[in-house]
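Both of the next two complexes hold chain A, though its partner changes from chain B to chain C.
And then the complex of A and B:
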């Protein structure tokens, strides 16, 4: 077992569109690696099929079994990080190694407000018509926390 | 609840692997080898055929076999030219994994069946009905299976009563996929914790 890590400068996780993302990656693995790949990407999560878009990839060939490197990516103007009830769009940095299936992912927020945009329902448009009060009766009694 | 927090989001459901009952992946692989890798995974909608086919794909590739997958359904139909192109690009070392064999036209199916006897290393299909190829396994679901899957997906604090899940399984006629979609909708309207 080894270790891959992504550390963002000053522990910053929220960025404005177009801003520079900076930090460093670190790896310490049992075997010699053929390559490491650091990607800047966004993906969706929700009811439908997942969409993924990789914006930038930084590849390090023959990185050895341990080391560190700087990371620096310029964010595009969009899309913003957002969440609704049906879909969320999530930005992330992902570090993977070859060979092996170790991956580490660091989520970031890309938004002009510094926070994920929360989508709310427009009254009368596309709202779920099921009565909300029935939810508690539909869901069982919560388990007592351990 | 935000979509990303929904325990029934599609990407979480895709991570669920096939649950074997009364058999195992190794036994299926042995059976497949004896059947010259020509067999059908049978079962109704939402019973795990596609999941099992994907698990078999990984297992076959793990054994060093090459695979070539094709997914067909009513929304993604296969035209005869597409079928001919797919078959013409096959190499004899490849095992063809055809998901939705009963959704392709009869003429295309005959082409598939004939072509893959000599020009592929095998043909494994999923189908709702028997008769296309010898059945390898028949997939089915139970309320207990739904409960087991839901238990794996949801945090304890949001546990759903077994009675609801049994009712859900019954209303969806055992289709686990649509059960999980309905649960997604239910959770979408949970207030933020």
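And then the complex of A and C:
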């Protein structure tokens, strides 16, 4: 059993969209590998069937049984990391060996606030289609009538 | 970090079934596997026999007897006899084809006799290991194609057992990126293979049920009317799993160019169905007819028909069309669709997936000009969609209904209820066609989170019928998942704000409202199975009539660049 690791610069795990993700990867494995692949990806988790999108892949051919390398990826403007009642969207860096399914994954947060966006439920859903919040009542404007 | 629990039954990581549950499911899949394998072995055995017959030696033979024999009523037996020589020794045989004894129709039997008239020298196939065994026609190799059908059951059974018992690493330890790359194309081809079954079944049915009867009907317009003698006219009765079906069985004789022929073809569709009365009427007509007419093919006088021209029964030709269209359409759509999992809507897509050499440029929306919003489905589109589904559903139900009685009818009741509900839905959509139509203009095609926009609306048609009107901004998460063979979509509304509500006729007819999108929420997001959808909903209440209910999707983009503290 070997070791695969991803370390992010300054231990930072939350990033703004468009920001640079920097750090290093390290491997020390029992057998010689054909390749190592480092991917920047997002995937969904929750009730829906998983969606995955790999945005960047950095491949290291014949990496030897141990070594280290720098990582640097520029994040796109979105999608943001979020969690709702049905869906979570998770950003991650993933280092995988070929052949074999040995892997290490480092989750990160991509959001302008530095925290994943939380989506709550509007109360009273499914009872009727009328909204619970009204802009007119918030602004104190009476409804016009005929 | 807060994460949605994925252990639910519809989630990606399903809760492992108990041993008992797995054993039960294994038995279920084992049944599929065993039945499929049994049929597969049987078909492959038949195919091997047909292949073996390809090595039988073709030798010249002389037909010494050839006639259609009607020992009872039907079927019609073909009595052939032929002589041949093999390795210098003479043999005789009466086997037309291995396993063949008789034809269901006179025409079928007569065709064989016609191909092998007495005195003709033809080719027969002799078993080299037993020269006394010979046939005039070898087994068809097409039975090999039938092996594909039980293969579906074998695959479901074996696949089900494999996935039930395979050991997989825990979700956290499983790589995502390589699996995503592998499955990206595979799911697309699996879907195309699924649709190809519809296309093959539709295509296979379309020739015998559709093209052939129609081309023959057109061709028969030039056939010659001839007087004929009805030899026998009766109603054929056929017992099946779904009850008894009936056919028009009329055997008639006619003379063409001095030669007498016999035929039993009534029309080009043939077969049997459940209705008795209509067939009894036809049979009675021909039984009592003084001068019946049949139509004879001048190119092949052994072919004739009693009923020619287009008639309602030919509508059966349309039956395979939905299968063919769904199959071909599904295959084309699946293979042409891009499996991108694109993060945003519309024009921002291309930029988001482009190399991020200037990440800040990606944050600027491409087109911020005003936009005319259109509903996903027009009123006419909804009506057509409802009509197609209703016709398809009720069409299939009516086929079963026509061949059903007793207990089976009780089983069909829920399906009939759905059919009636669909008819009600069509009526509702038809009435909604006469509703006032809204037109919506949004000040910006894309709105960033925290950004402001102005919405203008105007109605055409009888706006005065609307008693109350409301405009709502909604944010919804939409998750699609599969459970068994069905696909479900769940929705959760995470943002809802009524932007405007009025009962004033003038304001209903046209108006505008400004709004600001919240900043600390999620922008529009569209992947294959998971979506964040923002929309503007219009609701107009109409008394004793379908309400105006329209939803217009809008594109909400990420906020302007930089971190908000």
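The rule we apply is simple: the second predicted complex is superposed on the first by the 122 of 146 C-alpha atoms of A that agree within 3 Å, B and C clash if a C-alpha of one lies under 4 Å from a C-alpha of the other, contacts with A are read in each partner's own complex, and residues count from 1 in each chain.
Here, contacts are C-beta pairs under 8 Å (C-beta built on N, C-alpha and C of every residue); 3 or more make two chains touch, one makes a residue touch a chain.
Note that the structure is predicted; figures quoted are calculated from it, not measured.
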item	value
Of chain B and chain C, the chain that contacts the larger number of chain A residues	C
First, second, both or neither for A:16, with chain B first and chain C second	second
Partner chain(s) touched by A:88 [first = chain B, second = chain C, both, neither]	both
First (chain B), second (chain C), both or neither touched by A:96	second
First, second, both or neither for A:39, with chain B first and chain C second	second
Partner chain in contact with A:120 - chain B first, chain C second, else both or neither	second
Set intersection of chain A contacts, chain C complex versus chain B complex	45-50, 83-88, 90, 118, 130, 132, 135, 143, 145-146
Complex interface listing, chain A residues touching chain C	16-19, 37, 39, 41-55, 57, 74-90, 92, 94, 96, 98, 101, 103, 105, 107, 109, 112-114, 116-122, 125, 129-136, 143-146
Touching residues (chain side chain C, partner chain A) in the complex	1-6, 8, 10-12, 169, 172-181, 340-341, 343-344, 352-353, 356, 359-360, 362-363, 470, 472, 474-475, 477-482, 490-505, 507, 513, 515, 520-523, 525, 527-530, 532, 537, 539, 549, 557-559, 561-565
Chain A to chain B touching residues, read off their complex	45-50, 83-88, 90, 118, 128, 130, 132, 135, 138-143, 145-146
Residues of chain B defined as touching chain A within the complex	1-4, 6, 9-11, 14, 156-164, 181, 184-186, 188-190
